[in-house]
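Both complexes shown next keep subunit A, but they swap its partner, so subunit B is in the first and subunit C is in the second.
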Partner chain A sequence: MLRRASGLLARPILAARARPFSTDLPAAQTADATFVEAWKKVIPNMDPPKTPLSFMQPRPPTPSSIPSKLTVNFVLPYASELATKEVDMVIVPATTGQMGVLPGHVATIAELKPGVLSVHEGNEVTKYFISSGFAFIHANSFADVIAVEAVPLDRIDASLVQKGLAEFTQKLSSATTDLEKAEAQIGIDVHSALNSTLTG
Partner chain B sequence: MASNAAVPFWRAAGMTYITYSNICANLVRNCLKEPYKTEALAREKVHFSISKWTDGKPEKPTLRSDSPVE
Partner chain C sequence: MAMAALRREGRRFAPLISPRPITAFRSSPLAPTREDEGPIGVRYISTQVVRNRMKSVKNIQKITKAMKMVAASKLRAIQTKAENSRGLWQPFTALLGDTPSVDVKKNVIVTVSSDKGLCGGINSTSVKISKALHKLNSGPENETKYVILGEKAKAQLVRDSKKYIELIITELQKNPLSYTQVSVLADDILKNVEFDALRIVFNKFHSVVSFLPTVSTVLSPEIVEREAEAGGKLGDLDSYEIEGGETKGEILQNLTEFQFSCVMFNAVLENACSEQGARMSAMDSSSRNAGDMLDRLTLTYNRTRQASITTELIEIISGASALEG
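Up next is the complex of A and B:
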């Protein structure tokens, strides 16, 4: 009897895949209505178990007027740097150039290149150097920035950056296979970005 | 959607995004100042043991503690 309930649990997941774009969803639901009804029909005496959906915070709906603050979630694999922090603006290093995100920004997904993420709140600016990652900007003025490695700028050692730049420039000229050339090119890109951050 | 859109140079060379991203992260970690550098490298160390199974029994496992795996 409980096995059929687990089959019913799978159904809401299929319904979720049919939605076209996740950036223009209305506010997300907090409980699985179909699952709860189906459970009550089969097992009216037991309380339905909580599904993962009920543990999640619902996505705030897109407000009709532009909000005054942008809410940023900046996460790394090992830590959450900023969690739903309200700021005025963030500038992300997208592959297409430095992109400023203000409240009310159009929903965007941007791949990030090695560069500086700056968070502007009132008069203070906090900068982090990001190795690479993605930025998801939602229509409701929430921005999620994810990166593999992000360091505050004062933790970067300038001499190691220069050494690395020289080393990879040399590796590029002596590279033979495509893969070696690509790795050397990546090294040059990352180190030049670090260099211009320290000097610029 | 252009199927022959310009691909990034690393993908043209046969690298996946994850490999690219991990290489970038490693390079950044190697450029940090001292106490942060050792913390970051220690955090990314991977230890695992692999054992092959034959006839339903595991053979002797090999212990790998590589430095950050790319």
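Up next is the complex of A and C:
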């Protein structure tokens, strides 16, 4: 009986501890309240449309201590390569140079140039060659990398890269208009970046 | 092609859908006769009419069934594409927030619709939402314009909001949708239309039978900066360090343009996916309806035939018994 009593005593404490978990999460971020209100005032007979926020997983707030892992989203137009994956570090090819991102990195918006994105997870390193895009690093140790095109490094044919580089160099020398020059320059940039990653 | 065939069939049997019931009809020489009830003296309605109508209903059913199959196979291909592209806009929303209630001078509503009809209510839904947004955002100081994607929204909006239409783009889905194509289109819109906020109206694919009308908002770089300074939803943006580019404005410009192309890509895919889903369910219900109609017609046909046989039998028997008696 006394054993039971101790169990009963312990229960409210457990319940009290369990409760914060359910209220811990921020209330589901649904539609913009002012928008819904304005909509209801002007168009009372129709439901307000959804907004993108209501389809998104809410992001956690910035924790007080730096978490041990970095959460990475790496998206392409045709796939989500990494979705909320926890890794140790990513290195992104920003226009200002390679940028290593660890958990607790300062919030940054970086434009990306053609180059290698490497994802470090323990001893494993996955390398992608990305064409261009953006990287957002949030204060809550979330990193979002958006690229237009990305391929794993081992799927690139070195001989074709050399050929392409030669082709675009020739195009640049024969280019007459500004548009042609710019196009050829982009081609050279991409191919020389590819070349240097494959050889170096 | 299928639609034209449907229309033709519809025209063919339209005169037949008359309130006149098709039952055994005993015409007396005195009663006024109609053309397709046979000449005076024929004692039953010709079954020819019903047979013709049965044939056309059967043909319609074949067409709608085929369209359903086509929509189903197209849906499968595009659904994976749409689902894969869903990750694309999320980083932008996480960074720049979701601001449908932003109050700016130049609003542009991008209405995404389909080029082809027979797909339920998706086009009228996006047109309705666009019109409501127009109403919501127009005032003495604000002006709102439309950019229309797709033939169907164009047909509906040209009627009463012609003066607000800025740009119309059609035949988007001639080739399979790709990011390159959509970014060219986004570039087109960015170059030709002045805006402070773009509001993209599309139907988000939820399941084959349901789609959710959705509004995504893309702000121009100046407005992003203004909102970030004013605090509120975009207030966090100032705490971000900016790498690359000469000025903050330049980066923001690139960022919003990229955001627009990404949001558009997802919107176009989701809308195409909803279109195929809606078409599939519309065609499914119309082939079911054609089946029901065919059942009813078959019953009428058999009843008419049986009635005429019975009438003939009665005549023979009563004639014979009159001779005997």
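The rule is short, and it goes like this: the second predicted complex is superposed on the first by the 145 of 200 C-alpha atoms of A that agree within 3 Å, B and C clash if a C-alpha of one lies under 4 Å from a C-alpha of the other, contacts with A are read in each partner's own complex, and residues count from 1 in each chain.
The rule is simple: a residue touches a chain if its C-beta (ideal position, glycine included) is under 8 Å from a C-beta of that chain, and two chains touch if they have at least 3 such contacts.
Just so we're clear, the structure is a prediction, and the values are computed from it rather than from any experiment.
Of the two partner chains, neither subunit B nor subunit C is touched by A:Val125.
In the superposed model, A:His191 lies in contact with subunit B only, and not with subunit C. Of the two partners, subunit B and subunit C, it is C that touches more residues of subunit A. Of the two partner chains placed around the shared chain by superposition, neither subunit B nor subunit C is touched by A:Ile66. By the touch criterion stated above, A:Tyr78 is placed in contact with subunit B and with subunit C alike. With both structures placed on the common chain, the touch criterion links A:Thr51 to subunit C but leaves subunit B unconnected. In the superposition on chain A, contact of A:Pro114 is made with subunit B only, not with subunit C.
Within the superposed three-chain model, A:Val148 lies in touch with subunit B and with subunit C [touch as defined at top]. Counting contacts as defined above, subunit A residues 78, 133, 148 meet subunit B in one complex and subunit C in the other. Touching subunit C in their complex are the following residues of subunit A: 31-32, 34-35, 38-39, 42-43, 46, 49-53, 55-56, 59, 73, 75-80, 83, 94-96, 99, 106-111, 133-134, 136, 138-139, 142, 144, 146, 148. For subunit B in complex with subunit A, the residues that touch the partner chain are 9-10, 12-15, 20-25, 27-34, 36-37, 40, 43. On the subunit C side of its complex with subunit A, the touching residues are 81, 84-95, 97-101, 128-129, 132, 135-136, 179, 201, 204, 212-217, 236, 239-245, 251, 254-255, 258, 262-263, 265.
Against subunit B, in their complex, subunit A makes its touches with residues 78, 114, 129, 131-133, 148-149, 151, 155-157, 160-161, 164, 178-179, 181-183, 185-187, 190-191, 194.
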